[in-house]
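Have a look at the structure that comes next, please.
We call the chains A, B and C, going by the order they appear; numbering starts again at 1 in every chain.
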Amino acid sequence: MAEIRLENVSYVYSEGTPYEISALDDINVCIKSGSVTGIIGHTGSGKSTLVQMLNGLVKPSAGKVLLDGEDIWEKPKEIGKIRAKVGLVMQYPEYQLFEETIRADIAFGPKNMGIDEKEIGERVLEAADFVGLAHDLLDKSPFDLSGGQKRRAAIAGIIAMRPEVLVLDEPAAGLDPSGREMIMKSIMGYKARTGATIVIVSHSMEDMAKYCDELIVLSSGKLLMSGKKEEVFGRSEELTSVGLDVPQITKMMNLLTKMGIPVSDSVYTVDDALNEIYKLL
Amino acid sequence: MNEMNEFFIKTEDLYASYEEDDGKRVQVLCGISLGIKKGEYVAVLGHNGSGKSTFAKLLNMIHMPDSGKIYIDGVDITSDEMTERDIYDIRRKVGMVFQNPDNQLVATIVEEDVAFGPENLGIPSDEIRKRVDEALQIVGMTEYARHEPHRLSGGQKQRVAIAGIIAMMPDCMIFDESTAMLDPIGRREVMETIDMLRREKGITVINITHHMNEAVRADRVIVLNDGKVYMDGTPEEIFGEPYKLELAGLEVPQCTALIQELRRKGYKITGECTTPEKCAALLANFIGGGANG
Amino acid sequence: MKNISLGQYYPGNSAVHRADPRMKLIFSFLYIICSFLCSNILSFVLLLFSAVLLIFVSRIPMGLIMRSIKPILFILAFTVVINIFWTSGETVLFEWRFIHIYLEGVMNAIFIVLRIFVLIVGASLFLTYTTTPIALTDAIEQLFAPLKKIKIPVHEFAMMMTIALRFIPTLIDETDKIMSAQKARGADFTSGSLIKRAKALIPILIPLFVSSFRRADELATAMECRCYHGGEGRTRMSILHYRASDFVWLFIMIAFGASIIALNILSIGYSM
């Protein structure tokens, strides 16, 4: 039950030096409570910076980040509390595992929050269940696990903090199709059980279409568009003009429209496309 | 002997395994017999742990098989008579580009890195210079020749890595999930480079990937599962069996899935449907034709 | 962190920049010897004059050179104090209770400061500021190539340096990422006792080590695939060639050394 609102947020790298680069420029956007929001943009569009602002890893050069209406930088000393509320899973999170056992690694976050041992134990098991890690793996070393298992253990490390907002930067990057699906399903499972707000950064438009209900599109540090998935994918020409993709099936349906075949222009899953085609047959 | 000339790469009943830290042996390949022709473009699919990376590393002698034979350009590389010089010759002929763009560039300057392979081969300086310039031109990185690799984008780094292999004048290039860590732009850069290498250099390409949209570009798709050749055919044939693919932990491109579903429902749509363009043409034709009939 | 540059290379196209890196390596060595040979005011004046001339020719901003002296300022101050208060001589300049300051001590202090200054200017102008780390590595490899005959792994050493130079920026980037990731899990690197802070580094260091080993492993495989097998039978694309200007430099250097020695022998003025 948490909403994040960005108000006139800008970020400048190496301010005041010759290397000054504007990474984000006057962003106004709202991530609705309980939504699954996708962030789309190229490498260098500012999306990684934006994501790191949501939990206070990066402080905006100007503007405010409001969590449930409160400025997260009101008390800079208490930014740790914000980081527990807004859990961030960075890219390739398996590279941050360091403890001797998976159990201890998942417990790292809750321990830093000052939670008592007994509850930590419960949270670790709960988090492992969310990501589908068998309990007998918990006492293994992180380095004995497969790539996909490591990734899930790392995500469990954030889930164990029970964040109200779970932010994931390319959670499925580099995994095979079944690994991708498993990760996405665990995230959706966490959402369904806790009602948390989910923010996902991904290059896969197919995944975005499948799992998100809201989308934020960034291009060269500016907010290009934001809104319901239908609205955003409905503007596919604008997306392709900045070099972004739309789901393959959307591309195909748009081609059909161009050929004069009357199909809806807001189709982004195979099932929707089938329904449209059936209407014509 | 004739058969050997026909295939650039030929494997016979390959078995391979590796040892885990706790001493347990894991069987990765169980009897792979394949032939890949000169100039062929092959995509190798398979979920993580299906043995596809191990297979690639056998082809240029980074790993050795437990049993079975591998012939590269007619030479039996599993033979005991292979000298060190023969090994370098195989590695020159079969170049390899890896997944992580950072971990395969050696030098601090782009052109120095491209020169690394030819330098190891002991090629004279002015010849290296020529090859490096040509290789950089082929991958479109000439203007970055004097740049530092760490300032390049992922796609650019991979193109430099490709140039580093091209400069060794290989007959075959293996891409071991070379696009897995790239964003869509980087992926497109690499895929276009591969297409060009095929077109202009006639290089045999083996692309190991998770991305079905990349596999579609190949002449032939080989699916590995549990260390065996699970499927082998044209992209059209392979993606024509979505359920079989799903059993191997893979998925089909959305457009193919759509047409397959329609076919399953009894609509007789014939033709290739691996890309949005082909699929749209197919459907337009079918819907148009259906309306007329 | 994206804009870190390694070493202190200051891009330019001056005569010093263009000189052969091997020559520069030899020069800085000779220059340092010369600065130690100086033993009277005249030769010191020549040395100082040469340093100023060198700064001028290389077109390196004075501020940059001063910055490279900063880290050793403390040592410099320390030697000055030691020399001023602990050198005894004949001419007393100042006396108060147990403190005696002699002219010799002051002169010694001045000479030492100047000598260190010239040393740094010489080494940094010839090497770090005007030569890229890669050129320097190449120079070391080619200059010391004869040492291979006595089984000194010159090529391996140069290769190690190249790889280190190549991977330092990558690892700095990676450290940055791991720190952010652990901070997102509530790790705190800035508060607490020294021991607590040292402990807080474990979640950074372990992943960093693990990933370095993974990178090393992958790099080794990639190098093998590109037929790397040590320095034997290996050729280079860019071979360093001495040019006429390099011999002009060499001549100047010899003349300079000879003048210093000559001025020492003349021993006019203050002698140390």
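In this text, contacts are C-beta pairs under 8 Å (C-beta built on N, C-alpha and C of every residue); 3 or more make two chains touch, one makes a residue touch a chain.
This structure is a prediction, so every number in the text was calculated from the model and none was measured.
Because contacts link each chain to all the remaining chains, their graph is best described as complete. In terms of C-beta pairs in contact, B-C outnumbers the other of B-C and A-C. Distance from the subunit A centre to the subunit B centre is 31 Å, each centre being the mean of its Cα atoms.
The geometric centre of subunit B is 46 Å away from that of subunit C, both derived from CA atoms. Note: centroid distance subunit A to subunit C, computed from Cα atoms, is 46 Å.
For subunit A, residues touching at least two other chains: there are none.
Across the assembly, subunit C contributes 2 as residues in contact with two or more other chains. Interface of subunit C with subunit B (complex): residues 2, 133-134, 162-163, 165-166, 169-170, 173, 214-215, 218-219, 221-229, 233-239.
Residue ranges of subunit B in contact with subunit A, taken from their complex: 21-22, 46-49, 99, 153-154, 177, 180-181, 183-186, 210, 213, 249-251, 253-255, 257-258, 261-262, 267, 276-277, 279-280, 283-284, 287-288, 290. Those residues of subunit C whose C-beta lies close enough to touch subunit A in the complex are 2-3, 174, 177-178, 180-188, 202-203, 206-207, 210-211. Against subunit C, the residues of subunit A that register as touching in their complex are 13-14, 19, 52, 55, 57, 80, 83-84, 87-91, 93, 95-98, 108-109, 112-113, 143, 157-158, 161. Subunit B makes touch with subunit C in their complex at residues 57, 60, 62, 84, 88, 91-92, 95-96, 98, 100, 102-109, 111-112, 115-125, 128-129, 132, 148-151, 164-165, 168.
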